[in-house]
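There are two complexes below, and they share chain A, which is joined by chain B in the first and by chain C in the second.
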Partner chain A sequence: MRILVFDFYGKMAHFRKFYTNSSSLSYYFPPRTTIIGLIAGLLGYERDTYYELFSPENTKITLSIRSPLRKIIQMINYVWADDVKYLNASKGQHTQVPFEIIFPQNIKENVCYRIFFFHRNEDILNALEEKIKNYTFCFPPYLGVTEFVGNIEFVGKGSMEKNEENRVILDSIISVDYIKNRTINLETYPGAQYIKEKMPFSFDKYRMLKDPPREYIGEIKTSKIVLRGKIDYYKIKINESTIYNVVFMED
Partner chain B sequence: MGIYLKNSEILFLYDAKLTNPNGDPDDENKPRMDYEKEINLVSDVRLKRYIRDYLESQGYEIFVAKVDGETVDATERLKKLFQKEGKNVNLNKMTKEDINFLLSKLIDVRLFGATMPIKAGEEEKGASSTFTGPIQFTWGYSLNKVELVTSSSITSTFAGRDEGGKGQYGTFGKDWRLYYSLIAFYGIISGYRAKYTNLSEEDVKLLDKALIEAIPQMASTRSKIGQKPRFLLRIEYDRPYFLGDLRNKIKLNKDENLRDIQDFELDLSLLKDLLIQNLEKIEKIYIYEDSELKIKDGKFSDQLKEKFKENIVNLSI
Partner chain C sequence: MLSNIIEIGRMVRTFSKVDFVFNLVEYNEELIFDNKGNRKFLVIIDFDIKEEKIKLSRKEIDHKVLEEYLWVGNKKGSSPQDRLTTDTIRYLIFNSGYGYGSSLINILYNLKKGNLRELLEIIKNKFFIKLPLKRERYCLNLNKIQNRKEILIPESKGIDEKLYIENLEKKWEKEILDIIEEELGLTKKEISLYTITINSRKASEFEEYRNYIEQTLIDENFEENYEGICHICGERKELTYDTARFPAKFYITKLITFSSNFEGKKPKKGFSKNFSLCRDCYKDIILGIKFIQNYLGTSLGNNDLWIIPGLFLNPLGKELKESWIKISRNFVRSTFNLEEFLRFEEEIQKSLEEYKEFEELMDYSKVDLFFYESPPGSAAFKIKEYIKDVHLKRVEKIRKTIRDVENLGKSLFGERENWFLGLENIYFLIPIRRGRVSEYKKLLDLYEAIFLEHKLDKRIIINYFVELAKIYIFEKFPQYNIKKVKNNDLEMSLSILKTNLLLKLFEKINLIEGGENMPELLENLLDEDIQNYILKMGYEEEETALFLLGYLIGEIGYEQVRGGDFNAKKPILNKINFNGISSKNLINLSNEIFEKLDQYRIRGYNEKIFSAMKFLMDKNIKSWKLNDNENVYYILSGYAFNTYKRIKSIKGREEQ
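On to the complex of A and B.
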């Protein structure tokens, strides 16, 4: 099986948590639905036309956090509107909303996520590969909101192999269900910072939740998750020296 | 008006001396900061507001604005635009021609997008159309480590209680300023998105002008005086292409204890190398350089002319 690997990076990011309303808090890494929106935008799909095409049955998606992350909250003045006709700021009123931003450790670096993407339809994989390699994106990529302009860098095409081991150093994020269902233990190690995020998983064609949100664990300082137990995972090999151990978000 | 079909990338630098570039309303209106790294932050909205205010001052119709000081909501606003042209249009049953008419009148929607209370044809859901702007700026940040000015207290005197004979009283406020901040913005213009808002070539040229002129002209509140644009680079491609955040390619020879533009030199050699590597994909480069800005190896437009020749366009005020 062939899988595309690419970096998705920018100076700042904001992936809004669905369960915050009076504030805009951010996930540390993009939900599956956001990654699908990114890929659909690169390919040129119109809004709300692609959810079934990228359903969990058709895809295997995961990500690796490739830079140490931290958060800063900034207060933003938003237009206050209780009706759509006041969205032109005609009332002159503002409301102040805490807005959480993901930052790299040093502003001279980038927030970077490495995306692993497989689709059953070879045409989609081929089209995406061509667009990423040649930088011929349709809609420009951004990290959650349009003011956090992003970019995409092709890393490689990988082969994908199932493996089973008792101890794995994982490069990707991992779902909590996966850990529970297999009685796996997370190993702690110096410098690690594990984060758990509850995220939307999939949409139906009307952009309503098709499956319940899922919880994922990511490590935001070193990008490694150490697992112990009976672990089924995928080894993704780009070349002899570039190999990633991953579990997909759909698993 | 031809639709803008190219892609552009923008690097925009301006400085702020003894001023507050962007207050954080949650922190006594202190300048927005990444305190851990001593970096000044400026939101994209702050920059867009300068541009909107400037365009309005030049006589353009702006959607996100008060109309001649009166409060006119979005629905009335749009109806008035149609009425001026003798049209009677149901905002809930707009044709493509109607939408194009509105876009032709509202420049800030063409540039930055907006959510408007209109419905297109038989569209079922929602009561509004959302246009995502083809022009997007990411948040700006300072290239240097900044310091807050000490002794920032001011005294205000309010007259009150005269009738009771208690006389006047005063109160203290805070006037937060930075000694010096060289702020860098990165932005993109997407030709693909321009099809949705009918962004035109003339609009993009106007954006260049607005970036150079808006801040000195529009920064009129007390805490905003002291800001000046120093450098604008817009790289135009004839295909969907972006190099990525150009701020990674610029360096200062000194980034601490800065007080003035004379205190440092800008090193653009990595940026120059990057542009030369992508010579084939670049159609034009538009440059504005302030005369006080010191760039290593001299004027950037002169450095690039050797390779890019007539594809360099100097912008000026």
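On to the complex of A and C.
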């Protein structure tokens, strides 16, 4: 099966947790719904029109955290609008919101996520590949909020094959359900910092939750997650020398 | 954070012996204190059914009173009032809005059966007057209040019914407030709540009332319910997006800017697309937050903090336990200061079984550290720092290292001082300017780095330490978090030595890189004490040169105040430019120090140290690696080492 691999990066990021807003906390990595939004934006789909097209039945998505991450909280001013008519800031009032921002550990580098994307419809894969390679995105990419302008870089077109092993060093994030359902053990890894995020998984056509939110485990320093147990995962080969071990967010 | 809150809430729901409704009590500081800080009052209207009399009494309000009398706020919106504790007296005696007039009558008609209903029925008949109107309306018979002159209900004939009710309501409110002032000596301003008791029994003592309140309060939040998937448990159920009653408001629905498509509060639109939850999860969040507020709150470095333990993955189907949560909290707190450290050690001795279980689960455990700001009297709740998924193994490493560094301090300087550098103690080594909101971030970022093992920029940390020294030298205490001290010189020296140990601590927990070993040549030139210190601190050549230069400044300083008291100023300190010393100026400074050693006739005693310093400085000066502030810091380190040793030995002699 063919799979597209591309890097999504920028100076900083903010992916707001659904249960905080008056202080806005951020996930360390974008939820599946955000990645879908990103891809839909690159392809030029209108807002809220693409949820079914990128449903878990049609797509497989996962990501690898490519830069060691950290967070800082910064106060920012929001427009105070308790009614649509005040969105133009005519009320003249602001509210200060603590806003968590994701940064790379090394400030000179970028926050970078490597996205692995598969779609049943080859045309979508081809269209996306062309857009990324030629930098002809319909809507510009950003890392969670429009102020955090991002960029996309094509990594390669890979092939993926299923594999099974007793110990795997994984390059991608992994869902807690996957670990629990298969009674897999998470191993500690030197220098690793595992984090757990509960995030939305999919929307129906009205942008209401379609499936339950899921918890994912990511590693924010080495990007490696070590698993022991009966693990079925995908090996993604971009060329003979570049191989990634991943589990998809849908698995 | 949310997962932990929910898990804790679920645990409380499963095991709690207290009714859920007590978790809905609103603790608003404005109800407790007026703006001058004076305590406010609760007025109790007791219905003595046997004597058929109403008795008034008062109570100062505190958190316990709010709980005992079940203050859960008034009924929202324009629905008939039905709370027996309220901040509006007319809701109890009369109410011109919807319903039957008084909360007591409204609740009577809402209850199906039971003791409370029977008592309220009697109260209605004995204490309330049915108004001469077409609609069924009641008001309290104020004549039932002990020893009152008669207050008559005015005639209603020929008057518009609405106007009649409005006028009577005003009259009744004024009458009862006058009575309260006369009987209890309280003006309206001094009262924040009113409640009723029946034969001295509080409303909260009636199970029916507790159940009724729980049901209505939860229902109130589900008034605009809709079916969908709960954002927490993931089940398809009846949902709400109304989070206004969360005890800590980290999620608001007040501003449309936070809602999907700016649609605000509409079922299946706006906020309901962002965050919807079912009844059980709603309850769990409230219970979880309450538990955290009550048992897991503490403060660190003058910042309010929640320590929220959780299991990273639930191994072997283990669930959270209250004892386990509290041990985890105390385990983290034991890194704060020596008292907490010792208290924890004592605690685990007492409850070995529980500690054993805690230790078994340590590999799977984590805590979230949640620094927040919630000004008293305000519903605002701001997150200052959120340190997520701190593994307890890391906490253990920090604990152990703090103890190791404490022992290092003792071995270097003796046990006279407390060398325990817990997280709370660090607060007094990092200058935080008062009145600047952003300043606390320095400290919180440092805590985050410690817990999550993020690398630190040593130069920035050293800038803080030089700032610290300046506070002592220039007596800038009022502007900072550092307390004014009697002996600036001694306290500065102590603080600088502690910062030396702190750098060692940071090195051991992998936040900064450590230095190399001391150059071998120095072994023959320096005293054992100095050698040992340089070796233990891992100073490199430049750092050693500056340390020795600082040591010599300490020698001169001692000579300058010899015979004087500890507080005497040392002119030699004026030679140090606390705003930074460039490598060029280091040469001038070392020359001046040489002259001063001569002048005070102590060159002979210090010749070896001077030559070692000069050797290392000359060797490295062309490619000097340290910046201006670092130069100051290492000079101060040497100075502090010398000064502390001197003062300690003088004090030791005095004590003998």
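Brief remarks follow.
In this text, the second predicted complex is superposed on the first by the 251 of 251 C-alpha atoms of A that agree within 3 Å, B and C clash if a C-alpha of one lies under 4 Å from a C-alpha of the other, contacts with A are read in each partner's own complex, and residues count from 1 in each chain.
FYI, a contact is a pair of C-beta atoms (placed from the backbone, for glycine too) under 8 Å apart; a residue touches a chain by one contact, two chains touch by 3 or more.
Bear in mind the structure is a predicted one, so any value in this text is a computation, not a measurement.
Contacts of A:Met1 after superposition: neither chain B nor chain C is touched. Contact with chain B, but none with chain C, is seen for A:Phe103 once the two complexes are overlaid on the shared chain. By the touch criterion defined above, A:Ile72 reaches both chain B and chain C. Applying the stated contact rule after C-alpha superposition, one finds that A:Leu87 touches each of chain B and chain C.
In the superposition on chain A, A:Met208 contacts chain C only, with no contact to chain B.
With both structures placed on the common chain, the touch criterion links A:Ser22 to chain C but leaves chain B unconnected. In the superposition on chain A, contact is made by A:Glu147 with chain B only, not with chain C. In the superposition on chain A, A:Tyr194 contacts chain C only, with no contact to chain B. Using the contact criterion defined above for the overlaid structures, shared-chain residue A:Ile179 touches chain C, although it does not reach chain B. Touching of chain A by both chain B and chain C, each in its own complex, is seen for residues 70, 72-73, 75, 79, 83-84, 87, 98.
By the touch criterion given at the top, residues 17-23, 25, 70-73, 75, 78-84, 87, 95, 98, 100, 105, 176, 179-180, 186, 188, 193-196, 198, 200, 206-213, 215 of chain A touch chain C in their complex. Within the complex formed with chain A, the residues of chain C that make contact are 1-3, 228-235, 249-252, 254-258, 260, 262, 264, 268, 272-276, 312-313, 363, 380-386, 388-389, 391, 393, 437, 441, 445, 448, 452-455.
Contacts from chain B toward chain A in the complex involve residues 24-27, 32, 34, 36-37, 39, 41, 43-45, 63-67, 71-77, 114-117, 127-128, 132-133, 136-139, 141, 186-188, 190, 192-193, 239-242, 244-245, 247-248. Considering their complex, residues 9-12, 44, 70, 72-77, 79, 83-92, 96, 98, 101, 103, 106-108, 110, 135-140, 142, 146-149, 151 of chain A touch chain B.
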